[in-house]
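Two complexes follow with subunit A in common, the first pairing it with subunit B and the second with subunit C.
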Partner chain A sequence: MILKELTELNGVSGSEYNVMEFIKGHVEKYADSVTIDSMGNLIAFKKGITGKYKVMLSAHMDEVGLMVTGYQDGMLKFKNVGGIDERILLGKRVLIGDKRIPGFIAAKPVHLQEKEERSVNIKLKSMYIDIGADKREEAEELAPLGEYVAFYSEYTELGNDTIKAKALDDRVGCAMLMELIKERYNFDLYACFTVQEEVGLRGSEIAAYRIKPHVAIVMEGTTCSDVPGVDEHNHSTTLGGGAALTIMDRTSYGDKALVNFLYKLAEENNIKVQFKRTTTGGNDAGKIQLTGSGVKVASISVPCRYIHSPASIMSKKDYDACLELAKLALSRFNNDEILGGLIS
Partner chain B sequence: MDYKKILKELVSIPAVSGFESMSAEIIKGHMEGKCDEVSIDSFFNVIGVKRGIGESPKKIIITAHYDEIGFLVKSIDDNGFLKLTGMGGVDPKLLLAQEVVIHGKRDIEGVIGAKPPHLLKPEETKKAVKLEDLSVDTGLDKDEVKNNISIGDTVTIKVPFLELQGSKVSSKTMDNRSGVAAVIGIMNMLSDIKLNNDIYFVATTQEEVGLRGAQVSSYAIDPDVAIVIDACHGDMPDCPKESVYPLGKGPAIGLGPNLHRKLTKKLFDVAKENDISYQIDIEPDNTGTEAWAIQVSRSGISTVLVSIPVRYMHTGTETLDITDIENTVRLIKEFLTALDGGMEVIL
Partner chain C sequence: MFELVKSLTEKFGVSGNEEEIRDFIKSKIEKYVDGIEIDALGNLIATKKGNGKKIMVAAHMDEIGIMATHIDDKGFIRFSNIGWVSANYALGQRVMFKNGTVGTVFYEEQLEDLKGLKLSNMYIDIGAKDKEDAQKKVMIGDTAAFCGEAQKSGDMVISKALDDRSGCAVLIKTIENLPKTDNEIYFVFTVQEELGLRGAKTAAYKLLPELAIAVDVTLTGDTPNCKPMEVKCGSGPAIKIKDRSVICHSSVKKLLEESAQKIKIPYQFEILESGGSDPGAIHVTAGGIPSGAISIPCRYTHSPSEMVSLTDMENAVKLLTQSLVKD
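After this line comes the complex of A and B, so read on.
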């Protein structure tokens, strides 16, 4: 599965080029043109048969990670790039820079913690990365200031169609866009693989401005909190519950007609579908909707448990449901009247 | 001997304290061919014996525990999520998003999860997470979980073996598979050498829950001298210098009431005479190692302690310098050779 290759590549926000090159190698043969803009967004364009409308698909290439900010002898000090729950960092493996130097986020052992230390969380500013360097000079050489640090996690298939990997948010979206661009449609298709989503939806903002689409669909990995300790009304999505459609989140409202169209389409075709039931988080739709005089947006998302961690879990069935729903929606959009009706 | 290779093999063996039976045969396999006989006792201690050629050989045991901290499955909920109970000193703060292996009917991988951060109340975000707040997610449906996993199955963390800069390596269970690697290294080094004394190489069990394997095996063997190999805290930036030992500066030789005074002095002398790097591990009280149990076995056993510095003890990122294992092997090999000429004066 292409998700293995995609998730094992590192592309912390601002350093997406390895992911971009990989995707470029795969989409070039299907696209009529491929543009890489000033921030590193990859825009694959496929001319439509009638070309009456412009449809933008968006998936972000970047992932949350860390950046080297200093040294403590041979240890590296760091800050987070993108939103990370500090509590998950201790003891996790990382790879530093393009040389992929191995290390891990270190913690004082429990025997040497004072009693009061044991019951409180260790702050990120007190943590450090151990790469085995003894001296500061050695550490500086191997991991210079500003070097990007990514989680290290092998793509693993667990039982019953589930996958464990890092960066499922949003390499799942990238994988789906790579599939969707294989078709030729009536409308002009812009498959946008964006940068810097995790630090403020930066890449999609300029990509959408360049395209000025009539409609945009964001393909995402979203939160899934159906785990013990969480009341059912707080389950944002359910693993295995199908494609997740966003009504609203912190950055946008899904266009009501478009979201309803997608929901109905799924139901009519026996594709499992669910609404995302909490309003936390946000995605590229937030910036795309505000482009020019406004763009109609919708998000189709794969639920990911333990998102923004090195060990996220998703269901292959949910992925398949998202891809199938997106394919079906695009085939309906081939009818200029349907698409025209949705965006009028 | 390639200690990186053997250590990589050893740390991959699951042996949660009290559940070593699943791996005793593997440890036995590592000892076979390197001594005269190998056996497994009722506590699953693995004992390799090298018979001496002396007229009245003394008995020396060398112990290193092979059990590890870990977890047991405590409950399985209606959605197939597992709750865990800890075996040995585990820090729950390290467990969020940690990968684990459940040793059920077959090995099943899972991820430890908890309530996500945006659903925590402000006061909850400050408090360290407790083991009871955590659940293992296997990605399996509940029926498959229940068919393959039972309450009481052991769970170990799943981490890669990392080769870091220089000669440092990092993984789980360096405490005390590094000691087991040293034991195997010593056996290997002595396999072509005849000694007067009987040497008992013991990979022990249940150390993490109360030094139990060492207690019964030292009683059974009734040795004259015991050498315990364990891990001590390696140097870390946020820990006081006096309680940690730098990596790569050699094994730490224990000094204190738990350890035989003259025999310990001999160990220091051997290190100096052979130009082997070592450090001094001051232990004013209980060493927290098997030396504590062995010293008072039967009518008392003269015991010494050699420790390999390990950073981040009891985590999945235990880190050591391979040269410290090499120096431990050299030190103990030379020590055994020195004791072979007679130890009446010392004891």
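After this line comes the complex of A and C, so read on.
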């Protein structure tokens, strides 16, 4: 499955090129042109038959991770790139740089900790990455300052329907875009594989400015908090609940006509669909919506538990629902009147 | 002025859901302007054509509110804020959904100490029998505004949504009585200001004016034991010097000050430590747009009982009008 290959590639924000090359290799044959812009966004363009409207699809290639920021003898000190709950880091395996040097996130062992230390969470600044180097010089050689560090996590299928992997946010979106570009549509299609979403929606801002689309659909992996200890009213999405549509989050208010269109389309075609029920978080839609004189946006997301960790979990059925809904929406957009109606 | 403010504040317009207020404003100003359009985000742009200076005037139509995020088996509704909503202000208030459904905002009473009051442990009771009954009236994603009918108390108006329907009122009054001028003026009623100055950003990009003036409310420093601030209700419209989102352009500040002096209205200066406003987004648009603002002093901002002075508003109309027709 393409998702296995995509999630096992490393592309921490700012170093998306491996993911980009992989995607490029797959979409080139379907696209009329492939552009890589100054920040590294990959924009695959497919000319429309009537070409009356411009539709942008967006999925970000980057993932959260770490960066080498210093040394303590042979150990690496590091900082996070993108939002990570530092409490999940300890004991995790990582891969450093393009050479994929294996490492392990560690801290002072429990039996050497003072009593007070044991009762509080170990902070990121007290952790280090052990790569088996004795001396600073050796560590610097293997992992130079500024080197990117990605989680090590094998793609694993759990149970009948779920997948565990890192970087599902947002390789699920990338995988769907790679599928959606295979068709030729009436409208001009810009499939944008963006960079640096996790550090502030940066790539999408310039990609959208270049394209100035009439409408944009962001394909994402989003939070899923249907887990023990969380009251039902705080469940953002439900695993297995189907494609998640965003009404509003911290960065955007989805275009209501477009979001309702998608919701109805899903219901009418028996595609499982749910609204994301919290308003936290954000995605590329935030920047795209405010581009130029404004763009109509909507987000279709695959719910992912434990997002931004090495072990995110998603449902294959939810993924299929998202892809099916996006396919159906684009086929409806082929009707210039329908698309025009949504835009006006 | 009061009647206009009253009808403006009564209209529904929670950020992202400005249809009703937009239709109302459109109906009020249509006959006075040369062109009217609604852009991709929903901003209402009314143009008075001319060959002179291109000036953008902005007031936001949206108001803060809440969005239903979950309905439990008994029909109680959990919600999320839209814009800055204080849990303390919200407690015990009524909200009204777009379809007229009214509910009480209350909190989980097991809470021992109101210091722990958060929107996430509060709910809306619409008096539904159960989930099914509630869903007949309210769906997840539906938005509601706080209730707070406009009332007059002396020179003051007390109402919800004076932020920024009072600014909308100032623009409407200005449009209705605009003297002849060569300037091309875009009156923009913006959307989603309370979510991060969003509408103003895209409107400014579309229009690329030479100069922008926003009319919005500002906080005051004239109530018991409040944070010190040199703005008082009733002391005239305030000319913005800065807030957290913008340092106003000296040319716009000067234009406003000279205009106020010329027509001899009381005015004051505003330095707002917290909070941003549409000029924050406008002034950094494209190659930069000199921006400033006329602020209406408003007590209890973002509560359902905001308070502004009608005289301040009347004077804001005069000030804006004078600034727009000056060559």
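Quick notes on this one:
The rule is short, and it goes like this: the second predicted complex is superposed on the first by the 344 of 344 C-alpha atoms of A that agree within 3 Å, B and C clash if a C-alpha of one lies under 4 Å from a C-alpha of the other, contacts with A are read in each partner's own complex, and residues count from 1 in each chain.
Simple rule for what comes next: contacts are C-beta pairs under 8 Å (C-beta built on N, C-alpha and C of every residue); 3 or more make two chains touch, one makes a residue touch a chain.
In this text the structure is predicted, and so the values were computed from the model without any measurement.
After overlaying the two complexes on the shared chain, residue contacts for A:Ile247 are found with subunit C alone; subunit B is out of touch.
Of the two partner chains placed by superposition, A:Lys135 touches none, neither subunit B nor subunit C.
By the touch criterion defined above, A:Leu290 reaches subunit C but does not reach subunit B. In the superposition on chain A, A:Lys47 makes contact with neither subunit B nor subunit C. By the touch criterion defined above, A:Arg277 reaches subunit C but does not reach subunit B. More residues of subunit A are touched by B (comparison of subunit B with subunit C).
Once the two complexes are overlaid on the shared chain, A:Asn234 sits against subunit B and subunit C alike.
When the two complexes are superposed on chain A, the residues of subunit A that touch both subunit B and subunit C are 234. Interface of subunit C with subunit A (complex): residues 15-17, 39-41, 43, 67, 69-70, 72, 78, 80-82, 120, 140-141, 192, 195, 198-199, 201-203, 205-206. Against subunit B, in their complex, subunit A makes its touches with residues 72-75, 85, 87-88, 90-93, 101-104, 106-113, 118-122, 126, 128, 130-134, 138, 142, 152, 154, 156, 158-160, 162-164, 223, 225-230, 234, 280-281, 305-307, 309-311, 313, 315. Contact residues on subunit A toward subunit C in their complex (touch as defined above): 232-235, 247-248, 253, 256, 275, 277-279, 289-296, 343.
Interface residues of subunit B facing subunit A in the complex, by the touch rule stated above, are 77, 79, 81, 83, 89-91, 93-94, 96-99, 108-111, 113-119, 125-129, 133, 135, 137-141, 144, 159-160, 162-166, 168, 170, 233, 236-240, 243-244, 248, 311-317, 319.
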